[in-house]
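Structures incoming, each one as structure tokens.
There are two complexes below, and they share chain A, which is joined by chain B in the first and by chain C in the second.
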Partner chain A sequence: MIAQQLINGVMLGSIYVLVGVSFTLAIGILNFLNFSIPGLFMIGGMVSWVLLTQGWHWAAAIGAALAAAALVSLAVEQLSYRRTRGADPEVPLVSSLGFLVLLENLVLVGVGSDQQTFPSLLGDFNFRIGGLVIGAAQAISLVLTFALVVGLSFVLGRTNLGRQIRAIAESRSTAVLLGVDVGRLVPKIFVLTALFTALGGVMFALSYLQVSPFMGEGVGFKGVAAMIIGGMGSVWGAVIGGLIIGLIEVGSIWAFGADTVNIAVYGSLLLLLILRPHGLFGKPAIREKL
Partner chain B sequence: MSAILSVSDLTVAYGGVTALDGVSLSVEEGEIVTVLGANGAGKTTLLLGIMGAVPAMRGRIQFRDADLSRARPHTRLAKGLVLVPEGRQVLVSLTVEENLLLGAHLRRDRQAVRSEIAAIYERFPNLGQRRHTAAATLSGGEQQMVAIGRAMVARPQVLMLDEPSLGLSPLFVSKVFDLIQEMNRSGLTIVLVEQNTGKALSVAHSATVLELGKVAVAGPCDALRNDHRLLEAYLGGSAESSGDPQPMRVGSQ
Partner chain C sequence: MSGYQTGVLIILCFNIMAAYAVYLPLVAGQLNLGIAGFMAIGAYTAAYLTNEMGWSLVSAIPAGGLAAGGLALLVAVPILRTHGIYLALATFALGQVISAVFLNLEVVGAAAGYPVSTYASPLAVFSVTAAIVLFVVGLSQTRFTLYLTAIKNDRLVADLLGLKVWGLQVAAFTLGAAIAGIGGGLYAHHFSFIEAQHFSVQLSIYTVLYVLLGGTQTVWGPLVGALFFSLVPELLRAGEAWRYVIFAALIVAFMAVRPQGLVTSTALRGIGRLFGRKPAAPGAQP
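Showing the complex of A and B:
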């Protein structure tokens, strides 16, 4: 039935939202198309899987996975972003892509390339409302995603920290002149994007009960698509974009079967870009910043 | 009197090209110092060097009894060195109010910040009416008021302004100069970079003229106003670039 598909689409979309928002923050604030993000997503899922199989408590395993992603993201900042800033924008992009491949293959060497089954922490628990079935993991990821995005948008829009971040987004040199400690804020932004992304990876693992070294790729590209659909640099645009992709994906599976997913998602993306080259919420001349 | 800010031997290069070559500047507490010079003379670089926003190859920045030569920009700002940057640099994606709040981001006394911002709105009702609209929609003159307001809520001890009258209508030019004099009368020390030499010399107490990154002339304004070397030093660059041997009248009143 349609309502159930809508719910499934929104739940799946919430994962893309987390990844899309991370890409948006990186491009909007730092002007950095950070392709290590799918790797951070994978680290979220894989590290929590490894630690769970070693008998760690779920909270400790997830916490450690998030911390690992944050550390890797700081390494990306140091090695990939900071060193290549001032070069053409393609250089940090390619460098971060190198990080993604490196991370995937390091994990592959560590645990093999097989798809692994993630333990079902929440059992078969689910909510039934009317005739609708909502899995507990999906419901948690949806609620958590929205809480995080609302919190993020409050911080960006209403706080001192948010104004400083938006100043960096508009003009780093002006931010410096206004006394914004850019050197200290930028690593924090890398940590923030890592936490969002890795949490997406954990939620994905909890919801779909599988992880692999390459789990970040498909989701990562859809996260980029979510960002582009929303109009690069707009947080709420990325939220809408992520939900739209989730809905298209679930809708196309339901209507035409699993093989058509990517055709539907990326076909729609192409069509949208032909009709609206700046995405749904992007502005042509002045690109909206966050 | 003792210098509140003293710059000595400041040298800044952009990728091997020296833009500022051993410049010294001493600013007494409570005075207006104007820094003059042709396009490319190094005026902006001097202010950026004082803020620590460009790396200095050599030189010393002394503020009261603190040596700030190695301090980063936010530390210098916290000490009271505040810049109204060239071209205003109002953040156009932020609202008027957000720009003003951003100016005060290092302060913790929010109540006082709020009332200072309210005072700015009272002084410039246009800004008050448009406090929640994007600064992009303001005129150049209004943006300059936001830029000065944003600097004032940072509680400057030395306020540096980089060509604040550039590109403004005559009405706003006189508003800017009135404001500068008013702020100075209430005790604020000001470093004013200007192309509008006549106006700058009429409000300032002392002047420093830069030429090709070096100090060409420096001294009290009374003495410099009729000094021919000042005219030559100041006009050297622009007369050269326009190919016009006829000296312009500067500082006439």
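Showing the complex of A and C:
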């Protein structure tokens, strides 16, 4: 029984991993707490649902959903990030929150607030290993998540693009001096985070067969928690953080019931922020003088 | 005044109280994303005191404010060790935890909600709101608000100039939470029913959004933001979702073009001049 709960927790956690990685990329590279990410997650799920019900092929529907999220993310880059640099630090955060509210309510106007049933693309297919049940969709999303994260850390660590990205993360002005074209690189980072997030939304829809205009909030905010637990800016930290959040969530449902999830998840987040704000695996920030 | 108009004004009042609760710490550069949690503390404390302990409104609502302020003071000590984004996220997590705790607390009805028997009249809501606005406006004329602005502009310099940065931040955070608690207590007694789901993360987020839309440079910004958020949808009479679409689009546009918000100190001076007040520049008189 406990083994099954562990598996469920890891499966759920893999969704948080993708969202947490997106948050950690935005904050680690651009120092931007991008609260439009839950909105992009929802775009991934909702757009693919709408197109599937219109009779599109699943690959085309998912591709279009990812493209839609990437476009929205470029708009966020233009309006929430690029234009608010140099303003008060809370301005980009608030602007991206504005985007979240905007996206949710636009979709609400379009399709209504009901929870919709996502068509089951993989049928009712399960793996059964020694009494443990693993849903096919969940297994696929777990594998895909890890493939993506490994791919991402390869790109960040080994390629020229990754070197440029790490250079901006280290010091933006130095990167500019060294010839990094920041104006062209930053939109790429936004597209990258959008693809990760929207794919998370699609996989959430495939695994749990439900979409709604507000599906991004619960998952997205737990993605923030995953990012902090792992240490802001650390990709593998976000992976561990996402899995921990998934396990805490499933564990608290199993032990105390569904109403206690938020106490457990956000309580541990609060505790961590107080005791160890730089996360479990992050490096402590240079202490301010105050 | 028709019932509809009273209803709109009541909502406006609650939004104004929430706005000033967010505004006070924000003057010092602290973004409180968990204001709904402090409202919930005030609402449930005051409701419990009138329902079960037989307290009167006059003592229960300030007690709700004190409880919210007390909790803020308690968590301020560890939370304010963190800065910037960490602080915003810590208040966010705190708001979620508080709302979830009330959702599970059987003494106050848990998920079924909590009916409140004592009733606060619209007049009570209006006068408390007016008192809070006067209080914050009065505070803005004192050095306290000036100090907070200094901290926001440069913590290090403020500290070097001898300000007790940490103490001032704790004070702003606690005062804001106490205002939220008073607002919550009134909310419970005016609507005679509270449920934990009302004090959600959306409530906190919307409050922050309209405060910043109004602008935090002057004390009038939050008032204008709350007015805008509460009244424009009533004038538009569009659907509930459209009002948020328009509101959110405005937020995004404002943050991109005019991040200081609707009301700025320069704009206020301009209005002052319009009404014939001489600009108070020395040597301007012949």
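One rule holds in what follows: the second predicted complex is superposed on the first by the 284 of 290 C-alpha atoms of A that agree within 3 Å, B and C clash if a C-alpha of one lies under 4 Å from a C-alpha of the other, contacts with A are read in each partner's own complex, and residues count from 1 in each chain.
Just so we're on the same page, contacts are C-beta pairs under 8 Å (C-beta built on N, C-alpha and C of every residue); 3 or more make two chains touch, one makes a residue touch a chain.
A quick note: this is a predicted structure, and the numbers were derived from the prediction, not measured.
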{"item": "Touching partner for A:S173 - first (chain B), second (chain C), both, neither", "value": "first"}
{"item": "Partner chain in contact with A:L33 - chain B first, chain C second, else both or neither", "value": "second"}
{"item": "Which superposed partner A:R163 touches (first chain B, second chain C, both, neither)", "value": "first"}
{"item": "First (chain B), second (chain C), both or neither touched by A:E77", "value": "neither"}
{"item": "First, second, both or neither for A:E249, with chain B first and chain C second", "value": "neither"}
{"item": "Dominant toucher of chain A (residue count), chain B or chain C", "value": "C"}
{"item": "Partner chain(s) touched by A:D181 [first = chain B, second = chain C, both, neither]", "value": "first"}
{"item": "First (chain B), second (chain C), both or neither touched by A:D259", "value": "second"}
{"item": "Doubly contacted residues of chain A, that is, touched by chain B and again by chain C", "value": "288-289"}
{"item": "Touching residues (chain side chain C, partner chain A) in the complex", "value": "26, 29, 31, 78-79, 81-86, 88-90, 92-94, 96-97, 99-101, 103-104, 110-111, 152, 155-156, 159, 165-166, 201, 205-206, 208-209, 212, 239, 241-242, 244-245, 247-249, 251-253, 255-257, 259"}
{"item": "Contact footprint of chain B on chain A as seen in their complex", "value": "160, 163-164, 166-167, 169-171, 173-174, 176-181, 183, 286, 288-289"}
{"item": "Residue ranges of chain A touching chain C (in the complex, touch as defined)", "value": "27, 33, 79-80, 83-84, 87-95, 97-102, 104-106, 108-109, 113, 217, 221, 224-225, 228, 232, 259-263, 265-267, 269-270, 273-274, 277, 288-290"}
{"item": "Chain A contact footprint on chain B (complex, rising order)", "value": "48, 51, 53, 72-74, 76-78, 83, 85, 89, 91-94, 98, 101-103, 105-106, 136, 150, 154"}
